[in-house]
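Common to both upcoming complexes is chain A, partnered first by chain B, then by chain C.
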Partner chain A sequence: MDKILFGSWPVPFGEFSLKLDPLSLVFLIAVTILAVCAGAYGFGYMRPYQGKKPLGVHAFFYLLLALVLVLIVTANNVILFLSAWELMTISTFFLIIFNDEQPPVRKAGFIYLIASHCATFFLFLMFFLMSRAAGSMAFDVMARTTFPPLLAGTIFLLSLAGFGVKAGFFPVHVWLPHAHPASPSHISALLSGIAIKMGVYGICRVLCIMKVLPVWCGYVLLMIGVVSGIMGVLYALGQHELKKLLAYHSIENIGIITLGLGAGLLGMSYQAPFLAVLGFGGGLLHVLNHSLFKSLLFLGAGSVIQETHTGEMDHMGGLAKALPLTGVLFLVGALSICGLPLFNGFISEFIIYFGLFQGLLGLPVHGVIICALGILSLGLMGALASACFCKVYGTVFLGKPRAGSSHSPEGMPERPTAQEGVCREGTSKWMLVPMAALAAACVLIGLVPRTVTGLTFLGAACMAHVDLATIQTEQVLVPLTMVIRVAFLFLALICVLITVRRLLLGRASVPIRETWGCGFAGVSSRFQYTSSSFARLIVELMKTVLLFRRHGGQVTGAFPEKTRMDSSVHDASEEMAYRPGLDFLNDVSKKLGHGRIRHTQVYLMYILLFLIFLLVWKMK
Partner chain B sequence: MSSLLNVTFPVLAHWMIVCLLSPFFLGVIARVKAFFSGKAGPPVLQPYFDLARLFRKKCVYSSTATWVFRAAPVIILAAMMALSLLVPFGICKAPVQFSGDILLAVYLLALGRFFMILAALDTGSSFEGMGASREAFFSCLSELALFMNFITLALLTRSISLARMIGADVPIVWGGMEPTLLLAVASLFIVLLAENRRIPVDDPETHLELTMIHEVMILDHSGVDLAYLLYASALKLFIFFGILVSIIVPVRTGYPVTDTAIFLGGMLGLAALVGIVESSMARLRLNRVRLLLLISFALAFFGLIVTLWRA
Partner chain C sequence: MTLWIDVSCILVVFLALSVLATNRIVGMIKIFAVQSFILSFVPLFLHADAVSGRDITLSLVTMVLKAILVPAILFWQIRHISMRSEIKPLIGLGTSILFGAVLIAVAFWVSLSLRLPGKLLSSLVLPCSLATMLLGFMTMVTRTRAITQVLGYMVIENGIFLFALSLFDAMPVLIEMGILLDIFVAVLIMAIVLNHINEEFERTGGSAGRSKTGETV
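Moving on to the complex of A and B:
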């Protein structure tokens, strides 16, 4: 299956080559679909900026990013991979800081840049160890090498540290919730849809190269998946900024993917090839699915922000009337991300669940416990994600508009009215068509999963180093077919029930009245539940891990005075680990830098001493 | 042609039985409650009369509502009917059985709930938002307990198909793993009360109080839509009764008549039990409900520990 696409590309001191195997192909498909869809959307989305901002530079970096993403997934050489990796970081940085006149955007860009470069340090270390052991920089030579267990374990941990930051594992995800809301929406879609998947790709590639890993690696990977998934969705529930919420959901979905990969790795360690293929296959399918529905949701969020000029969900409401088509497409994305039947999220989660249940019935006791934990947390993530998207869809698209929208997080200029290529709801066709394409892909995979399962299982077999013909993938594909049959039956039932209702109601027009206010006449749209109040019960239960803060709002006395209340959820890892840690480092470097050394002569003396030390060391 | 008939006939027959019988148990519960409060109570067939009356009535829609509000009752009822195909009821085998159908069952429940909450939020009423928020919260906890029970049952019966987990293989399990099954039954009973919004969690009787969950979410539905929703909750109750009775009463005599009698007896007994619980308890305070659901989770968790320890 592996194919050298472009062999012997001579460069000074060696040669590069590009390689395409099923694993690369899964990611390559996602890159291609997203780059086209998000690009087309960007064409419509950036129109208001025409003449105000240098759009050419933006387009240049966009295309550069698309190119290096392709290079990353096809590179067969460490140097080529790392060069493309660095180019990805830099081009993404320039795409994120598009609205660089705003301080938060600049800050988000720098956090991203610093986090990425810290992570790349671990990658240098990892690839150094790998190439030293293999004696070559080429991935396919490395794949033929056997690594000693201790080295393999070290490389695995380094890969988690290096690629984990890009992928957004909890707790090294801090750049992610800053960067996504700061960048223009089609860039967030690309970032969340595919750029963070490059971290997953890196881990998959390392797993593919290391044929044998110690048993604990599978447990570690699965636990990372569980923690990222649950913390991601809990933080998402606490957000009231639309794109920040979606960013935290990316962390959740990376958790689901990692859970699948961890189950696959466990299957490899315990010589259960079926579990390995199911885990890896489910994980890879979720990579593809997540890039489809998450970019759909980010593009939908972009249209919402363009309409309302705010990302604050508690100021929105009733947008399904202003943006009917966007509303339907966003709902498709929301149903897919919750993993509900008929849509693609269910298919990949079903395969991962199925794998975990196989592990539950087949592995020794330790494996049984971790698989049970995996199943439970996947169930919890599903339930919390449903709650969260009920909140998003209910507050943004349904109900009545809540008063008050003042600022625009992206500095979006007013949209010029009456343009060509603008449809009924006022969204440009350039923006609607890519979203419709993504939604159609979600439904297609949801109803005909065999379009992609063949490819993802091939990729999984490639990672698990087994021949796919020996694995009975029909064992999971037949139940999936049954699921699809029930789904079609369900659709038929809906048609029947709608017909019945139409017959019962007759032709008379349906009366439209106000929502019943329970006898209270002065109902205002401010009475509606906001996103924060909807999520309050869950967030308060979890307030010990979420840093939930609430100010004011206490009503006292018989004639209470006017009061105000605000609540917010802060990122615990950022506030309790990174900030104090960085402050400490700042203090230390300040003490080392200033107070002590004032004179240039002292510096010169240090240099002299160091040179003498080096001389003595070398003379030995 | 005949093969198509062979496939469709069991499905239609199953639906027929489920749809005909399900409102009956609501009537039984109401009757038991009336008995305990010393009243005569409505006839057992009252839920049927209510449904028939609602089916004849017209709908009224809110000016705030969108198509989601109108689609929700249809989707919820369809989801419950699709779900009923996966559950065996006594001698009626589940027409659709496959490995992993428990996942489909749980996610069909979730799909129904998703649209229920959206429809509630769609009206823009603060009461319904309140109900929606509580529904979302409690369902997270009850789904967790449900999954925990499914894990234990899967380990006991070495299968992940609902039809085997609660049907064919349960009598064998009762032979040696009673404590586990007792824990699972207790836990599932709490899940049943919570998922169907019965008394310790929610009060299905009162219609306008700030303490409720399900009833407040359907406040703006009327006519045929309301009938669909009530039918869906009757089906949901019936499905949960079916699951629980299949585990509690694993008698398989082999005579269809006896088996049906035993099964129906079990269902009636369970309905009476729910009625007794409802008459003897008050609704829990809202912040206590989560403790009840966590107890259910803990029971199931102990079940898993016992299973692993004995295995």
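Moving on to the complex of A and C:
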């Protein structure tokens, strides 16, 4: 199945060699689907900017990004891979800062650029270590090399540091929540759908090349998955901005993927090929699924933002009436991301669950503990994600429109009213069709999982270095089909009940009243539950791990004064680690800077200290 | 004769520490002169059995240059009353001595593992020369006046001289003489420059030269 394509490329150590194995294929499919869908959506989404912004530049970087994404997943040479990787960073940077006249957008772009470049440093180190051990810059030669355990562990940690930033693992995810709300929606979709998956691809590739890793690596990977998943979804619950919330959900889903990969790695370490294939397979399938439903959600969010000119969920409401089609498609995405049966998120999570339960049966006691932890946290993630999307769908699409400010977070120009190719709900067809295609893919995978499981299991077998024929994948697929059938039956039952209700009610008119009216005449649409109040219970419960801040809101006396309250959840890693750390570095560099040294004596002291250091150093 | 070299070495280090711990410029110059004077005897102890003409020459040149001429130039430089006043070091004298002690310890520790091409007459020569250099450096670090910088530099040079003596047979006497001459010329130039700066500042108002930047002359 592996195909290698060679071409000449006059770069030192470089070689234009492309290779397509099942692992690459999984990612390549996701890249192609997303690049086409998000591109088509962008065509409609960017129309209001026509003549106001240089769209040609944007399109150039978009196509460049699509090209290098394909190169990344197929590259078979370190230099080619790193070149494509850097090109991806740069083209993504220019795509993110499309609205570069706004300072937050520029800031987000620079955070992304700096984080990516810092991470690439580790990649250089890692690849050079690998090449040195293998004596070649080609991935397929490396894959035939056996690495000593210490080196393998080092390479594994370097790959976590290097690829983890791009993937958005929990403590190093800083760029993600900034970049997603700043960029245009189809770019967010591509970023979340595929750009962060490149980090996952990198880790998969390293795992695939390493073959034998120390046992602790599996535990580390699984724990990273657990932490990223739970923290991601908790932070998502606390967000008020739609795209920022979706960005945190990306962190959660990367956590789920990593959990699967970690389970697979444990399976490899403990010689449990079935667990390995299930873990890797579930992880890879979730890569595909997440790129489908998350880009669907981001595209839906884009339509919503274009309609309301705001990203604040507390200013939206009742959009299911204004955007019925987008509402339905968004619902499909939301159900998928919650991992509910009949949708694709369920399939991959089911496979990972199944793998972890296999781990409970077959692994030694440490493995059992970590697998149990994985199962519990996967359940917690699913539950919290459901709560979070109840909140999103409830505040954005249901209820009544809230009277709020209509400032645009993206600087979106007013849409011209009468326009060709615009359907009933006011969204361009260029935007609706890609979303419909993605939603259809989600439902298709959800209903007929065998369409993709064959491919992902093949990729998993490639990663686990086992022959897929020896693995009984039917063992998981049969119960999976069973669950889907039961869920389908349940759905059918609900449909039947609804029909019966309709029939029984007949033509009797049902009066439509104000929700929660209760006889009170002065009901305002601002009485509705806000997204913060919806999530408050869970967020306050988790106050210990989230930086939850609340201002005001306390009323006293029988006739209280007018008061206001706001609450927000801040990223703990950003506020408690990165910001103080960077401030400290800033201080140190300012103190070391030329401006601060006025005494010649201080210079002399540095020389003296350095002299002593050299003397002591050379002693040994 | 090794005994005398040891004694000289210890005295040199002790005097370097005294320079570090003195806050009067006149005192510092005097201590430096004494240190150079002691140092100038060391070449005579090098070859115990037969003192050669070379040793005597080196000893005499050192004594004239370092113990007499350089201090004389420095005294000439500070002939104004104001320059004799006390100077306040950047860190207290007690702390300076403490740091000096640490530096001496470092020098002894480091010299344990240093390999030299030739055989040493006394095991004290190497650590003492290192310690003298570091103490001189420390003097430069802790004092703010230009004249004290020159003094610190001269103490470093004395340390280097001691170090060079320990390699005496490996080093041609011509080079040693050249270095001595260089040092002398350097001190002369520095003294002249400082003198000019002083006169300039005194003509323009005196206190301008004593800004907090530590560039005070």
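By definition in this document, the second predicted complex is superposed on the first by the 578 of 620 C-alpha atoms of A that agree within 3 Å, B and C clash if a C-alpha of one lies under 4 Å from a C-alpha of the other, contacts with A are read in each partner's own complex, and residues count from 1 in each chain.
Note that a residue touches a chain if its C-beta (ideal position, glycine included) is under 8 Å from a C-beta of that chain, and two chains touch if they have at least 3 such contacts.
Predicted model, so just to flag it, every value in this text is computed and none were measured.
Applying the stated contact rule after C-alpha superposition, one finds that A:Ala440 touches neither chain B nor chain C. Counting the residues of chain A touched by each of chain B and chain C gives the higher count for B. By the touch criterion defined above, A:Leu63 reaches neither chain B nor chain C. Contacts of A:Ile612 after superposition: chain C is touched, whereas chain B is not reached.
Contacts of A:Thr600 after superposition: chain C is touched, whereas chain B is not reached.
Of the two partner chains placed around the shared chain by superposition, chain B is the only one that A:Val486 touches, whereas chain C remains out of contact. When the two structures are aligned on the shared chain, A:Val11 is found in touch with neither chain B nor chain C.
In the superposition on chain A, no chain A position is in contact with chain B in one complex as well as with chain C in the other. Across the complex, chain A meets chain C through its residues 598-601, 604-605, 607-608, 611-612, 615-616, 619-620. Across the complex, chain C meets chain A through its residues 90, 103, 106, 109-110, 112-114, 130, 134, 137-138, 140-144, 149, 212-215.
Against chain B, in their complex, chain A makes its touches with residues 317-318, 320-321, 327, 331, 335, 338-341, 346, 349-350, 353-354, 357, 360-361, 365, 368-369, 372, 375-376, 379-380, 382-384, 386-387, 389-391, 393-395, 397-400, 475-476, 478-479, 482-483, 485-486, 489-490, 493-494, 497-498, 500-501, 504-505, 508, 510-518, 523, 525, 527-529, 533-538, 541. Chain B contributes residues 11, 55-56, 58-66, 68, 74-75, 77-79, 81-82, 85-86, 96, 98-101, 103-104, 106-108, 110-111, 113-114, 117-118, 120-127, 129-130, 132-134, 136-137, 139-140, 143-144, 146-148, 151, 154-155, 158, 160, 208, 219-220, 223-225, 228, 290, 304, 308 to its touches with chain A in the complex.
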